[in-house]
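When the chains are written out, they are named A, B, C, D and E in that same order, and each has its own residue count from 1.
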Amino acid sequence: QEKVVKIGLLTDFSGVFAQLAKDIEDAWMLAYDERGGMIAGHKIEIIREDAENSPQVAVQKANKLIKSDGVAVFGGLISSGGGIALAGLADQEKVPFVAGFAVADELTGKYCSPYVARTSFAANALQSAAGAYWASEGAKTAVFMGPDYAAGHAMRDGFRRGFEGGGGEVVLEIMTPLGSTRDWGPSLLRAQQSNAEMIYSFYAGSEAVQVVKQHSDFAMKQSMPLRGDMWLYDEALWSAMGGAQLDAVQITVYTNALETEASERFKEAFKKKYDRLPVASNAMGYTNANAIFDALAVAIEENNGELPEDGAKIITALSNLELDDPRGPVRFNASNNAVQDELYMIRIVEGPEGLHHELIAHTPYGEDLPGCDM
Amino acid sequence: MSEPDKGTNGSILAVSDIHTYYGDSHILQGVSLEVRRGECTALLGRNGAGKTTTLRSIVGLTPARSGRIVFANQDISGWTTHRIVRLGLGYVPENRGIFSNLTVREHLMVAVWASGVSSQRLDQVLAIFPRISERMDNLGQQLSGGEQQMLSIARALLGEPDLLVLDEPSEGLAPIIVNEVSDTLARIKETGTSILLVEQNAEMALSLADSVTILSQGRVQFSGTPKELEEAPRISEAYLGVSV
Amino acid sequence: MTQQLQINNVTKRFGGLRIIEGFDLELQAGARHAIIGPNGAGKTTLFNMISGWLVPTSGNISIDGKNIAGMSPEKVTEAGLARSFQKNTLFEGLSVLESLRLSIQARSRARFNFLAAASSFKDIIEQACIAAEKMNLQDVLDRQVKTLSYGQKRQLEVAMALACSPKILLLDEPAAGTSPAERTLLMQLLNELPKEMTLLLVEHDMDVVFGVCSQITVLNYGRAVVTGTPEEIRQNEDVRAAYLGKSLDQDGGRHE
Amino acid sequence: MAEVQQADPQTSAVAMAADRAESRTFWIVAVPGLAVLTIAPLLSGAYFVALLTEILIFAILTSGLNLLVGYTGLVSLGHAAFLGVGAYVTAIISLLWGYPVWLAMIAAVAAGLVISCLIGVLSVRTRGVQFLLITLAFGQLFHAVAEKSRYTGGDDGMTRIPRINLEFIGLDSSDAQVFYFFVLACFVVALFFLRIVVRSPFGRVLIGIRENEKRVQAVGYRISPYKSLAFAFSGMLAGLSGSLWVQHTYFINPHLMTWQMSGEALLMVIIGGSQAFFGPLLGSAFYVLLKSYLSTITDAYLVIFGLMFVFVVAFFNGGIAGFTSSMAARVLAFWRRR
Amino acid sequence: MSFFLFNLLNGLQLSMLLFLMAIGLTVIFGLMDILNLAHGAFYMVGAYFGYVLYQLTGSFWFALAFGPLLPMLLGFILQLFVLQPLIDRGRSAHLDMALLTFGILFFIIGLIDLIFFETFGLTFISIEKPDLLRGAIYVGTFYPAYRLLIIALGLIVGLLVWVLLDRTVIGAVVRAGVDDREMVRAMGIDIYKVFALVFALGCGLAGLAGVVAGAELSIDVNMGVQILIPTLVVVILGGLGSVKGCFIGALIVGMADTMTQAYLPALSMFTTYIFLAVMLMVRPQGFFGRAPKVL
């Protein structure tokens, strides 16, 4: 009889993260194909569930995966709140959870657990790297603009840490109500009044579209460029931005302009399967799936070809992995959080086949906030 | 204009054997009645006898489940209300049908719009109820009960209907206005308008009516002329609770 | 000695419109008083002021010497006054029984009790039944109010006011819409009200007015025109011209 | 002035019969219902037990909400706030301050009662849509506070909230079934309380207010204390529900307090049938089961979900409960006629 | 000074966008007494249909003119064949209708998601502004031309609707129909058709708002739900059923939003709701609403 290992892909297929979720799923399926659907003599069965960008639903679906389907491990989640909820649940139910995109620092800080790992990154690390980069480029003053909620605060703190650590100054913070801001005019004007050199911003989805478009409408692109991260200038938003994104510079954990060996391999495989180039969220999903599969393989082999009883073993195995990832080498720190060597600064440029990324710099990975004792 | 109809006349409204239900309760159990052209038929009965239900069935608001209703030579059974009304019917409902958030003026405007009459007609009708003209800008909900009743009658008269269907028009009116209404109805009957009248004021009803139908528990108990009713005091005692 | 109900110089305006103008009325306990007058004279408005639904623009209203003008309706009811409405104001979705129970329960100490079952208050149920019987509603006791005919609703309207067992009862056209038979019953009931209960009646049916009340005030354009016994009113030429019209020429009307 | 009259025995008999019939239907539904709720989890898997737990927790919320919606005729779109109050109070007292969970639960229920009473006093001056909107406004203010509060983790929330300790009777509440029965016990107590309230003279007045506020005043009741207290009771149950919810999920964040959550609770009430005592329970069950099932099998579940609502409103007069009872009545009538 | 002027214009622009959206709701809810939660869906349909038209023709103006037609048609059908028959069967309870239209909102969101995202992979899209309106115009300060269009459009549409409803008998007929549907029918008016037309008008206006917003903001499946609450707030603040009130309500919400964001950003999460709560406690019927019936 064939041995099966069940893995839950629990992520936010509906809601604002729908596109990201689909990207992650696509990457998971690629990783699955690459292994022929098998790990360590076990057939992989992926059960996908929609967390709907709601922690309540995430918990309910995780309960289903754990109690009804009996998954060995589940991963994928994007939203931070949901991620934290699942971290608690995983810890209680002793079933490992590997966050795919959830960025809250607490996930592998305050709430870290032997049953929880993350393959993406923590907010603070990414943004402090961005801050450090812009400071090193000579920017002295910046306005930070972002949504007024936990993730926004985390991003802001990270950017501040990097930027001010590098000698710059955040002269103004503009935190807008999440989901209920209908016009960015007043905030952009406030930024303009501050006479800072640049705006650094974290927004996602439709809010990102509106901020970028209105920033351009108010003719601020020259006087006070809007810089951000891979959420702000996500490829999925390009068609809605109407060209306002052109020339913008951003930080990212992965870009298909990266030409390392691992990246080329990934791009080729992805293109073959989906007939398009992967984007950052695909890469994130790819890391997530590979880390889970590899960790399972190690854990099963160490347990004489059987799935270990204790799910913590899977996380331990994962934490010891070193991945030759498209993003660059990825390792895990003591809190089971992914760390990569360097990050990438990219610019959106126009080419014969439309807009694409241009890699303009590599920049060192930011330092994670202190983790926890498990 | 309807003079030639008189005498030769068939009926303008003939209801035969209708059965009407509210949900599962069988209210009208075979009601038949007739209004002849240019005449007035009074429909009487105690509270809960089924008078209002009969009128609602005719107007199509609570359609009868079976039976036949012929109005103005058309079989209107199953027609929608507004179609029936457009055949030339004016309705004064039991609860007066006043729109609480419309001013008196708006009430009349809507009625004019609906029936397409001239505004001259408006003046004629307002002359009957001077009280109404004093209250043109009051909302319906600010009118006194009697004023509402007057407005409701005025509105029905406005459209110059061939058949007036009135559900207790005297309710809540001062005696002198009851007389006024009674006189007005008599007058428009003269001009050929037919009337179906439900009334608790038997005196007024009988003075106007050419024929009388008495209902009890959803069935017709008597049908005849006022004179015949007067000669049968047992019937009025039994079904109206008074002798007329 | 103070009167039970005192209305002194009450005036009511709506915007620029004067609806009630310097109205006075004093009633002793047990009085049977009617207010009549043309449509729109202000009778209902007066009732609304007495029962707390409208605040007089000026003037005083008191019950047993206690000023109630401007008090909220429920406070006025607590002070011992109950009224019926000209336009039915009923619990359409409840049964007749439930409606009456609510009226009666309002005076009971149980009304704020949320721990005992309402069905355990047998006396309230018993009184609700009595109230229903008084208005000949016992056959429709368990019917939903919205399925009653108009006349039946009018009867319930009165029954609910009566069920409050007030010291002062205000009835606004209780006979309107009721059939002659029910009207006779109503008159009988009104004539049998407890001696000490004060009745203030607005009604356009002169048989009821003359048959029940010993004093009548005629209101026209918001002013009290005359007050007198039924006989005086009937004979008053002005009242005839403005209100009664010709129908009472033959003394009292034909149907009774 | 004592009434010496006596009602006709036949009239009184009709009157008593009405009360008895109401009570009979209650027990006909309640006894088998409770039996099902007791036996079902013993026969089913852990996931279904978790779903049942969720249903009961929601049913406490929605039954309480129905005291307002169905009985008093006030539609609140801010109840998630009280759910959140119960949840946050529980989390703060047990997780952040380290007191025992039972104490936190009592505090949560009390907080639900007190806070909703305050909001109630301010809100019941309005009615209809205005009431809907004012409760929404208060709800959103609470939500904004929770979002802003760094003490409770803001939008990220808090996790690893402990469950009640049942070791003193030898049980482990982290076991799904044990926790289920604890929730069931809370549910029974809550519904028992509601049942008492709606049958009481107080409850009758609430119904009167729903039917005609003006008449209620005219017969001598002050309405705002009644409405405020009804609001407080329903807020109290929301608090209990929230407290159980955090224990069930070990987690809380402001997402529990959004207006969408309040809206979902309303949906459950209406789908189940706001005019029936057990309507909200049915609605919660229907909603939770349908949603979890549909979203598992199809991505287009919103489409089907939406159509489902339309269908229920269009064809089930009075929600599921109303539909069921009218079907039952029809069958009964048919059977009698034969 | 120009900071203030700028914000004044911003506030006006936002107000007019909300006004366009809310005016349809106030007509349907205030006059017809149906709390149409599907209003957000019609807003979405307008935006998406406008996008499709834009893609087909490449003309913003074409999309603006014809985008609202589909929501209009859908609204007409919905009212005439779904809502009205239910209301006639005695299902007029506000909650029932709210639930039903909420179901329709879900349904349409799901459907749009299925078509645009699941099938064509489009998540975030928008309609391109016409070249004519891309730049800024000098109005005491340079201000984006498109935003000026929004302001103008809001004023014009508002005026037209006001004339239609307050200056013709149609508004009175609709209000009469809500007070007592049976009586209006008994006056020989086909109230169903009138209702359906007015409903369609309301939905069309939502669709128009959708097209306009589709160029200024972005088009995605959450837009319909997001706009619902602010719209409702505008309608209630202004007073149900009043076009004038709706205008005032939109100005309050838009200005409050803009000004707090500009001058008191720490409070901006709370302002609308504080406003709303205070307003409802002080004057429950809104600015131009009729006082609730006393008797």
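Keep this in mind: a contact is a pair of C-beta atoms (placed from the backbone, for glycine too) under 8 Å apart; a residue touches a chain by one contact, two chains touch by 3 or more.
Since we're looking at a predicted model, the values are computed, not measured.
Touch-path distance (fewest steps) from chain A to chain B is 2. Relative to chain E, the most remote chain by averaged C-alpha coordinates is C. In this assembly, the C-alpha centroid of chain B lies 29 Å from the C-alpha centroid of chain C. Chain E has its Cα centroid 47 Å from the Cα centroid of chain C. Centre-to-centre spacing of chain A and chain C amounts to 74 Å, using the average Cα coordinate of each chain.
Look at where the CA atoms of chain A average out and do the same for chain E: the two points lie 36 Å apart.
Within chain B, not a single residue touches two or more of the remaining chains. In chain A, the residues touching two or more other chains are 14, 148, 177. Shown for chain D are the residues in touch with two or more other chains, namely 144, 147-148, 214, 299, 302. Remark: chain E residues 29, 35, 82, 86, 90-91, 94-97, 99-100, 102-111, 113-114, 118, 225, 229, 232-233, 236, 240, 269-270, 273-274, 276-277, 280-281, 284-285, 292, 295 touch chain D in the complex. Here chain B touches chain C in the complex through residues 22, 25, 45-49, 52, 94-95, 131, 135, 142-147, 149-150, 168, 171-180, 200, 202-203, 240-242, 244, going by the rule given at the top. By the touch rule above, chain D contacts chain C in their complex via residues 1, 3, 5-8, 10-12, 14-20, 23, 196-197, 199-205, 207-208, 210-212, 214-223, 225, 229. Within the complex formed with chain B, the residues of chain E that make contact are 169, 172-173, 175-176, 178-180, 182-191, 290, 293, 295. Residue ranges on chain D touching chain E, taken from their complex, read 69, 75, 122, 125-130, 133-134, 136-138, 140-141, 144, 147-148, 214, 259-260, 263, 266-267, 270-271, 274, 299-310, 312-314, 317.
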